[in-house]
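Take a look at these structures.
Shared between the two complexes below is chain A, which has chain B as its partner in the first and chain C in the second.
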Partner chain A sequence: MTSYRVALAGNPNTGKSTLFNTLTGLKQHTGNWPGKTVIRAEGTYVHNNQEYTLVDLPGTYSLYANSADEEVARDYIVFEKPDVTVVVMDATAMERNLNLALQVMEMTDRVILCINLMDEAEKKGMTIHDRKLADRLGVPVVKISARNKQGIDQLLDAIERMAEGKITTRPYRVTYSEDLEQKIREIEPDVRKIVGDQYPARWIALRLLDGDYSLLKTLQDQLLNQRGKGVETGELSVSCHT
Partner chain B sequence: MVLNKTKTLYDCQSGEVVQIKSLQVEGTMRRRLLDLGFVPGACVKVLQRSPMGDPVAYRVSHTTIALRQEESSRIWVEEIGGDQG
Partner chain C sequence: MNSPSAAIPESLNNLISRATSLSDAQIEDEIAESIYRTSRELSREAVIYTGAGEQDRTEKLDRILTSPIWGYPIMLIMLGVIFWFTIAGANVPSSMLAETFARVEGWLTALFMAIGAPGWLHGILVHGLFRGTAWVVSVMLPPMAIFFPIFYLLENYGYLPRVAFNMDRLFKWAGAHGKQSLTMAMGFGCNAAAVMSTRIIESPRERMLAILTNNFVPCNGRWPTLILLASLFMAAGFAGSSATLVTALILMGMVLFGVLVTLLVSWTLSKTALRGVPTHYTLELPPYRRPKILNTVIRASLDKSWNVLKRAVIVAAPASIITWIFANIYIGDTSIFMYFVNFLDPFGQLLGMDGFIIAAFILGLPANEIVIPILLMGYLSQGAMLEIDSLSELKHIFVNQGWTWLTALNMMLFSLLHYPCGTTLFNIYQETKSAKWTFMAFAIPTTIAVGVTLITATLARSLGWV
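So, the complex of A and B:
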């Protein structure tokens, strides 16, 4: 029985580690990400007789690889392709937290928004319309309080259904200026020819248009590595538009 | 009643609450500031200066973030209130 892989992403201080510890208990170990001084925490838990491997990604406000933390989190989501990425959000600062959530939703369809610190939000008299959010954003939304262990079962059930392919999402995708959308339309088909369906073509097109050479380099390494393993890929000769 | 006038975030005093009008910066630093919540329209409270006056702590979108002069002097703001200045 193979283990499903689940990543926890989110802003700093949203309760990722608290949730991680609640779920994995003592079944965890920490180390460093390869070649980085960034801590990597990984653990396992079992739900309905199925094992899950949970990775606690570094907390970041963004995923544009401006720092080693952001690069680690971004590369894991895009290139390691976890079965589910859970974005842990602070219920009392939704506007801020949606920035990262929307970025993750551009990178993968397999996203669950986990709104944590619900106890704090309730104390402040705030209400989170989870159904409305799920409708508008096209992905499951689960409200929890990691510290009080509330909503954990609903979260585990949502992760299970997504990992088993029983949930189809339709993540809300940010529409950019017509100018930019035009450029995306121009290069996205070429990107798709090269990466196929294994990586998010629209997101890669956006990163290339932004002149993200570090992403281009990582992508090249990934594709060469796969070719070495006999995976068919197209010709990689895209250059950045700056 | 103080008339609304435009200045940079770096010119603000501790306790002031201002609204961001524009960011006079491009590229990675702009992206970074936007990601941290310094977006046009956002309200920012100036918390406190470090002993040397730099960096300065700000409260923006429910989070405390410190900026260096290099960054705060490129954020144009308008006064909207606060308990000082």
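So, the complex of A and C:
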């Protein structure tokens, strides 16, 4: 029985770790991400006789790779390609949290939005139209309250169906200015030629345009690793214009 | 997908150069903005507030406090008001403390006489240790006990992140990280602590900028010097509440000048030795919250004021003793301290100050708190001992030494701009692990301090203002 891999992404202080602890209980271990001083927490849980491996990504406000935390979270979603990425959101600060969710949705199709802290939002007199949000964004939206253990079953069911490929998503794509869209159209086909369908071409095109060369280094390593493990690597280096 | 592996780097490189030619500096911002705008639209559609919540109030306040038009004026007014409160409030308790200490000094002297203690012991302990410490306490404690609580009330209310938000544009212009405005704000408390706080900046380049320029905002060791000199000399022609206002404005000018130097030095460094573009970051603006007022005031007074004062006294006490000893050991008819002062005097005069002031700054390297006490001890060791029991008598001491407004101004500027204290330098070394950059953290401010005071002195003299 292989285990499905599920990543938890989200802003800091959204109850991501509470959810992680609720789901995995004592079946977790922590270490460091390779080469980084960022803590990596991983755990397992079983749902309907299927095992899932849950990775708690560092809490970040964005995924532009400004910090080691952001880089770790970004690389995991793009290059490790978890079966499901759950974006844990703070119901009381949807605007800020959607910011991260939209970034994740540019990187992968397999996204579930999990709106946590619903109890607090209700106390503040907020109503969140989850179905409307799901329609607009084209991905499943589940409302939970991790500390009251509410909505956990629905979340686990949604993860299960997505992992088994029973849900097809149409993640909402942010539309940029005509000028920028034109530039994306110009280089996206070439990106696709190099990375194929295994990595998000539009997203990589955007990173190329905003000058994120650290990503390219990682990308190159990934591509080389996959295609030819016996190739001599001496002359293969990207000259990074940083 | 059938290209050989060796072709990957090549095609990637081609792609990079294509992308670089299409890319421009605005794209990074545009992407962040577009995503943010979409988030806002989506959350407007999907989230409904039924109660008139806190969110609403926070948004309304933020529209004013972080507005492109009102943001800066409001910041400046707040700063001015804090200074005004600090100065207006500190005057009376400061002189009360000074009077009390002078009376205690009288008793101590009487006690020493009564038990027939030798003169040198009385000198070291009373004129050295006691007087130095008493001055530090009476000059520093009242301003700190007012400044810190107000500052922390604003912080707890949630205003400081807004300051960072407003300043972000300026720091970005200077090629630095927006978070530098936060570490700068920490510097108003203590540069040594602020240097540690630069850990919040991830990029090593931008962190170095924040470390190297942190010294240009006055820490609480230098506040008393600035406040004292500003109120004694700068507001001389004014009386009562307008004098307080002028003092507050002068202090504000000093702070703004410090911020300006911070930006200019950051800009210069990011164009030369620390070249690069600023990374962008997300700053969370937490909702405004009414702080627990009493709690904050008590904690700020106890934690901050008390700790700072303790440090000042611990450093000032031995320094006072050493200075007194040097000022009272004579070689021929000149004390060791005076040899030192006379040696420095031509340089000091060139910068619009004198040898005593430069000596005080040099001996004050361990802690900025002791610069004024050392200076006073130096002045008092000459000629007759004066009993200082009020702040205005303090001015006579300075004027008798030939001080003008230029001396005061340049001492303030030098204090604002000169090398960081020993603790800060030690922390800079700990954080950077680089002797070269620690030296730069010493050399850059010192060069600027000498340059600026040289310019003001030369200018004022050639224009016949003094």
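Rule of thumb we're sticking to: the second predicted complex is superposed on the first by the 228 of 242 C-alpha atoms of A that agree within 3 Å, B and C clash if a C-alpha of one lies under 4 Å from a C-alpha of the other, contacts with A are read in each partner's own complex, and residues count from 1 in each chain.
Methods note: contacts are C-beta pairs under 8 Å (C-beta built on N, C-alpha and C of every residue); 3 or more make two chains touch, one makes a residue touch a chain.
Just so it is clear, the model here is predicted, and its values are computed rather than measured.
Participant: Label the relationship between chain B and chain C on chain A in the superposed model as either fit or clash.
Facilitator: Clash.
Participant: In the overlaid three-chain picture, which partner chain does A:H29 touch, first (chain B) or second (chain C), both, or neither?
Facilitator: neither
Participant: According to the stated criteria, A:G196 is in contact with first (chain B), second (chain C), both, or neither; which is it?
Facilitator: After superposition on chain A, A:G196 lies in contact with chain C alone.
Participant: Answer with first, second, both or neither: which of chain B and chain C does A:Y64 touch in the superposed model?
Facilitator: Both: A:Y64 reaches chain B and chain C.
Participant: Look at A:K149 in the shared chain and tell me whether it touches chain B only, chain C only, both, or neither; answer first, second, both or neither.
Facilitator: neither
Participant: Contact-wise, after the overlay, does A:R96 reach chain B, chain C, both or neither (first, second, both, neither)?
Facilitator: both
Participant: Please determine whether it is chain B or chain C that touches the greater number of chain A residues.
Facilitator: After superposition, C is the partner touching more of chain A.
Participant: Touching A:L216 in the superposition: chain B (first), chain C (second), both, neither?
Facilitator: second
Participant: If both complexes are laid over each other on chain A, which piece of chain C (185-193, 203-211, 239-247 or 365-373) hits chain B?
Facilitator: The one stretch of chain C in steric conflict with chain B is 185-193.
Participant: Just to be sure I follow: which residues of chain A are touched by chain B in one complex and then by chain C in the other one?
Facilitator: Residues common to the chain A contacts of chain C and of chain B are 61-62, 64, 66, 92, 95-96, 99, listed in rising order.
Participant: Please output the residues of chain A touching chain B within their complex, sorted ascending.
Facilitator: Residues in contact with chain B: 61-62, 64, 66, 90, 92-93, 95-96, 99.
Participant: For a test of understanding, state which residues of chain B touch chain A in their complex under the given definition.
Facilitator: 28, 31-32, 35-37, 61-63
Participant: Within the complex, which stretch of chain C touches chain A?
Facilitator: 1, 4-6, 8-9, 11-16, 18-20, 22-23, 27-28, 30-32, 34-36, 38-40, 42-43, 45-55, 202-203, 279-282, 284
Participant: Hey, which residues of chain A end up touching chain C in the complex?
Facilitator: Touch list, chain A to chain C: 61-62, 64, 66-68, 92, 94-96, 98-99, 101-103, 124-130, 132-133, 136-137, 174-177, 180, 183, 186-187, 190-191, 193-194, 196, 205-206, 208-211, 213, 216, 219-220, 223-224, 227-228, 231, 235-239, 241.
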